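Worksheet: one structure, shown below.
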Amino acid sequence: MELTVEGLSVARGGMPVLEGLTFTLTTGNILILRGPNGSGKTTLLRTLAGLQPPLAGRIGLPPEAIAYGAHADGLKATLSVAENLTFWARVYGTTDIEPALAQFNLKGLRNRAAHSLSAGQKRRLGLARLLVTGRRFWLLDEPTVSLDQASVGLFADAVRSHVAGGGAALIATHIDLGLAAETLDVAPFRADPDRPTRTPTAFDEAFT
Amino acid sequence: MERTKQSRDAWNWLWEWANPVKFMHLTGKALPWVVGLTLVTLIPGLIWGFFFTPEADKFGSSVKIIYVHVPSAMMAINAWAMMLVASLIWLVRRHHVGALAAKAAAPVGVVFTVIALLTGAIWGQPMWGTWWAWDPRLTSFLILFLFYLGYMALWAAIDDPDTAADLTSVLAIVGSVFAVLSRYAVNFWNQGLHQGASLSLDAEENVADVYWQPLVLTLVGIVALFVALVFIRTRTQLRRRRLHALELRERMADA
Amino acid sequence: MIALLVRDLRLAVRAGGGFGLGLAFFLIVTVLVPFAVGPEGETLARIAPGILWVGALLACLLSLDRIFQLDFEDGSLDLLATAPLPMEGAVVVKALAHWLTTGLPLTLAAPVFGILMNMQAPGHWWIFVTLLIGTPALSMIGAFGAALTVGLKRGGLLLSLLVLPLYVPTLIFGAEAATRGGAGMAVTTPILMLAGITAGVVAFLPFAAAAAIRINIR
Amino acid sequence: MPDLGKYAEAVLSAWGISIFLVLALVGLSWRQSVVARRQLEAAEARAAKRGKSDDA
Amino acid sequence: MIALLVRDLRLAVRAGGGFGLGLAFFLIVTVLVPFAVGPEGETLARIAPGILWVGALLACLLSLDRIFQLDFEDGSLDLLATAPLPMEGAVVVKALAHWLTTGLPLTLAAPVFGILMNMQAPGHWWIFVTLLIGTPALSMIGAFGAALTVGLKRGGLLLSLLVLPLYVPTLIFGAEAATRGGAGMAVTTPILMLAGITAGVVAFLPFAAAAAIRINIR
Amino acid sequence: MELTVEGLSVARGGMPVLEGLTFTLTTGNILILRGPNGSGKTTLLRTLAGLQPPLAGRIGLPPEAIAYGAHADGLKATLSVAENLTFWARVYGTTDIEPALAQFNLKGLRNRAAHSLSAGQKRRLGLARLLVTGRRFWLLDEPTVSLDQASVGLFADAVRSHVAGGGAALIATHIDLGLAAETLDVAPFRADPDRPTRTPTAFDEAFT
């Protein structure tokens, strides 16, 4: 299985941010997205996850293969750790949340309401969700925000074992995760605002 | 995919209109004529209606209100119909002109609605002895006013222009269905006080020619005024949309 | 789907009594009106079915932004959109959860509150029946409005503005049927219309609402 | 000026309000149109200049 | 302080027309009641002042959660609490901003909406006067309720529940004065009571509200 | 000027999290708070900022000396970058926002609405707020979340020049900021739930 991206252009707020991206991610691999703040990593991941349409180009991926992990964790403050996780497990048609709890060291917190977790504990719960999706391709947007060194280690282990088990991960991050991975820097693909093809003549569909 | 977003088909001669460049060009050419038509129909029609119509037996001189009330009420309803069509064009064909024309027409529709409501109320006071009554036609018209307000508020609340276009178009369609439904509901709920279809050719209801002729003139005039205003305002919206795109690009170049 | 329903119901219950609050608001509106209008029994009895319908409608309205707004803010809506659930299904489930936590309790309570408004005997039955038929439409229309405004910061009032005109037909037929029923007149036509609106709304609006959500989260 | 009799107030206010609102709408549309055209021209000019300086 | 007022007004205007929406909701409530109650002019005229007051009160209520909730959610309330502003001052300023964007427009519009309810001549004047005196109290009481519920996820309905009983005295005296004034009776007593409530509320509630906020953010 | 903390105990959600903290921070210095996720750094900073009362102990600091930077940035989505910053400047009685904009490289974004910023750009704006407060002591909770390498550098520079100008900073973070600073690890101060002094007799005062 592979995720292929050809000549992809993505836009945010009506403005192209990245153009002409081409890459392939096959199972068993990790690809790290790098790029300065505001370069379009989040936009790219959202487009790949199907949340917004691409401006141009082709995305090829097997259906039902993607699990997306966003800046926000989507936790319900009044539900407990176990309830939050069970919900996502049922949505994705899986049932067992124990391995996920164990992997992210959440067993001791399982009955705590999510609103009483610290920033890093919330994040760990958000990441544990990935394990219960059962999806092959993980698209992760700055997954290690707020995590301490030990938790970053837990996360890296989780990614490694996921990949070893036939998964793949595309991770946008600013820090070094200590993973054996290829790196894709998005900076060179920044959209050029004055590219002539986008300004044929005034008004000629020139609204992006 | 082709370079333009729209694929070509037999109706292309029609869709050409919706190309922003074509639209700017054509309306630029047509605008003086439409404005001219407005001037030569609306002003004489109003003058005729105001100065040269006799008093009616039942209405007295208040009959002159008909020349502002009826055209604006008619256009208020038709403007919504035009917005519905324009919204459908945007949703189906993704032509910006469609969405922006709908956006441009809404304030015109609201102003006509307000005029019809106010003049109707002013006319109602001497005729029915009340400013307002919960008559089916009045009531459904008031609901239409609310739909206009909601539609405009939704446009104003969304920043991204294409998202706003999509959502307001969905609202226009669903709203139209409910506007029609309300009309039936209100009819069922109450019997009318308001004038019947006096413009119909039905002999009994028909108004005398002395009133009818200037009214037709003002009706033509108000349609021309509407078209002229929608042209001007759509051109403004297109320019603003283009300006928005340019500003985004500028911003990107700065960043 | 069932997981979503269970979660939404659980959240409604946990969030400080989802059931109770809609009801309480309804109660307060029916209490405030006599304060404002004055206590003459006859006027009150005359306007009772109408005020009960308006109260139910407003109680419904106030809880609408719960349907999608929280999920949008904490990011779960994005995650749900990438999950293997059709968005239309999610919309229906969420409208259903809203009805179970708001519309249904209101329906059950309305006959009792009718007593506060000096309502007479068959009136209680008819306010119950009309609300039972009409409130599902209120929840579904509300879900559509909530879907339209989900991206907007504090879209609460805008939501009311968009939704209330859409509520008008339901309100007219519902209140008309309740009033006629209470007065012992024929109610078949308005009841049929009310049922027709509910059926139509439940059949078509999920698609419009799902489209609106997809547009809003992109 | 025709004699409007007892309806003078109603007729005149109805006409007055209508004409005022229509003129206000026309004026507003006109002004917005002028402003938008001016702003767009300025922006197009800036864009053209930027395009050139980038080439250089 | 002025910076805060300016910011709040600006936010209200930016959020898709802060002024317009409260008004629109008010209009809609006054429109819905005739739909529900039926169109007979006489009944409507009788209940008009009361319904207008209830409508204004509900329009106020719906916009209350804007006062602190957004600031709490995005963390500015924490930052404001550590800034060199007395919390009492911040509360007053925020209540004032709420009144300027909600209470004042409602007051100005109420006489016009009275027409829809078939209201007769001096009634318009009295609904205007009573709302002008009473709405500041509504905003201030609302700010207190909002302060109490600010920490709660979607405290909207709970807020209504807490605030509505507090609104009852204002509503009773306001509606009473408006009704009497419309009927040409003496209004001095209810107007004085109304003014007294407003004065008392504005003098004391800021302290309670500030205390509630300090407790809620800790 | 100095911030002194003596025998401080802090609680979160009714549960003591840190006990017996004692330290001093004088102007011209930086103190880095470290500790694993959930160890109580946020709680400590909130207590020092005066947002919650301490459970025990004494906090000595000059009045009107503290600027607090939380997990959340307190930005108004519909206001522009400049408007957001001007508001805080006026609240703190200062006026000039230009140095802050320049320091965090926000000049190009000054008229952008805050909601259209990327995660890192928002964070930079949140940090720029500190500069317009004119306060001496900065209490910062994971300030570099979402920042790229270059922006972390900007931040470190800002802290350095603030400290050089007679300020001080207390920073909770999981990453290495490259600042010359002392470090305080809060882990050893973790509250011990079964310490006898807090449970004199059953039910007697044993509610915290």
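The first chain written gets the first letter, and so on, giving A, B, C, D, E and F; residue counts start at 1 in each chain.
In this section, a residue touches a chain if its C-beta (ideal position, glycine included) is under 8 Å from a C-beta of that chain, and two chains touch if they have at least 3 such contacts.
Predicted model, so just to flag it, every value in this text is computed and none were measured.
Placing every chain at the mean of its C-alpha atoms, the farthest one from subunit B is found to be F.
Two copies of one chain, subunit A and subunit F, form a contact in which over half of the residue numbers belong to both partners.
Of all chain pairs, the one linked by the most C-beta contacts is C-E.
Chain geometry summary: the mean Cα position of subunit A and that of subunit E are 45 Å apart. Centroids of subunit D and subunit E (each the mean of its C-alpha atoms) stand 36 Å apart.
Separating the centre of subunit A from that of subunit B, both taken as means of CA atoms, is a distance of 47 Å. Subunit B and subunit C have centres, each the mean of its CA atoms, that are 32 Å apart. Residues of subunit D found to touch two or more other chains are 44, 47, 50.
In subunit E, the residues touching two or more other chains are 15-16, 21, 24, 28, 35, 38, 153. Multi-chain contact residues, meaning those touching two or more other chains, occur in subunit B at positions 143, 146, 149-150, 153, 157-159, 189, 242, 249-251, 253, 255. Only residues 13, 35-39, 42, 71, 116-121, 123-124, 142, 145-151, 174-175 of subunit F touch subunit A when the two sit together in their complex.
Interface of subunit D with subunit B (complex): residues 1-8, 10-11, 13-15, 17-19, 21-22, 24-26, 29-30, 32-33, 36-37, 39-40, 43-44, 46-47, 50. Interface of subunit A with subunit C (complex): residues 46, 49-53, 64, 66-68, 70-79, 83, 86-88, 90-93, 129, 133.
Residue ranges on subunit C touching subunit E, taken from their complex, read 15-16, 21-22, 24-25, 28-29, 32-33, 35-38, 43, 46-47, 49-51, 53-54, 57-58, 62-63, 65-66, 69-70, 73, 152-158, 160-161, 164-165, 167-168, 171-172, 175-176, 179. The touching residues of subunit B, when paired with subunit C in their complex, are 143, 146-147, 149-150, 153-154, 157-158, 163, 166-167, 170-171, 173-175, 178-179, 181-182, 184-186, 188-189.
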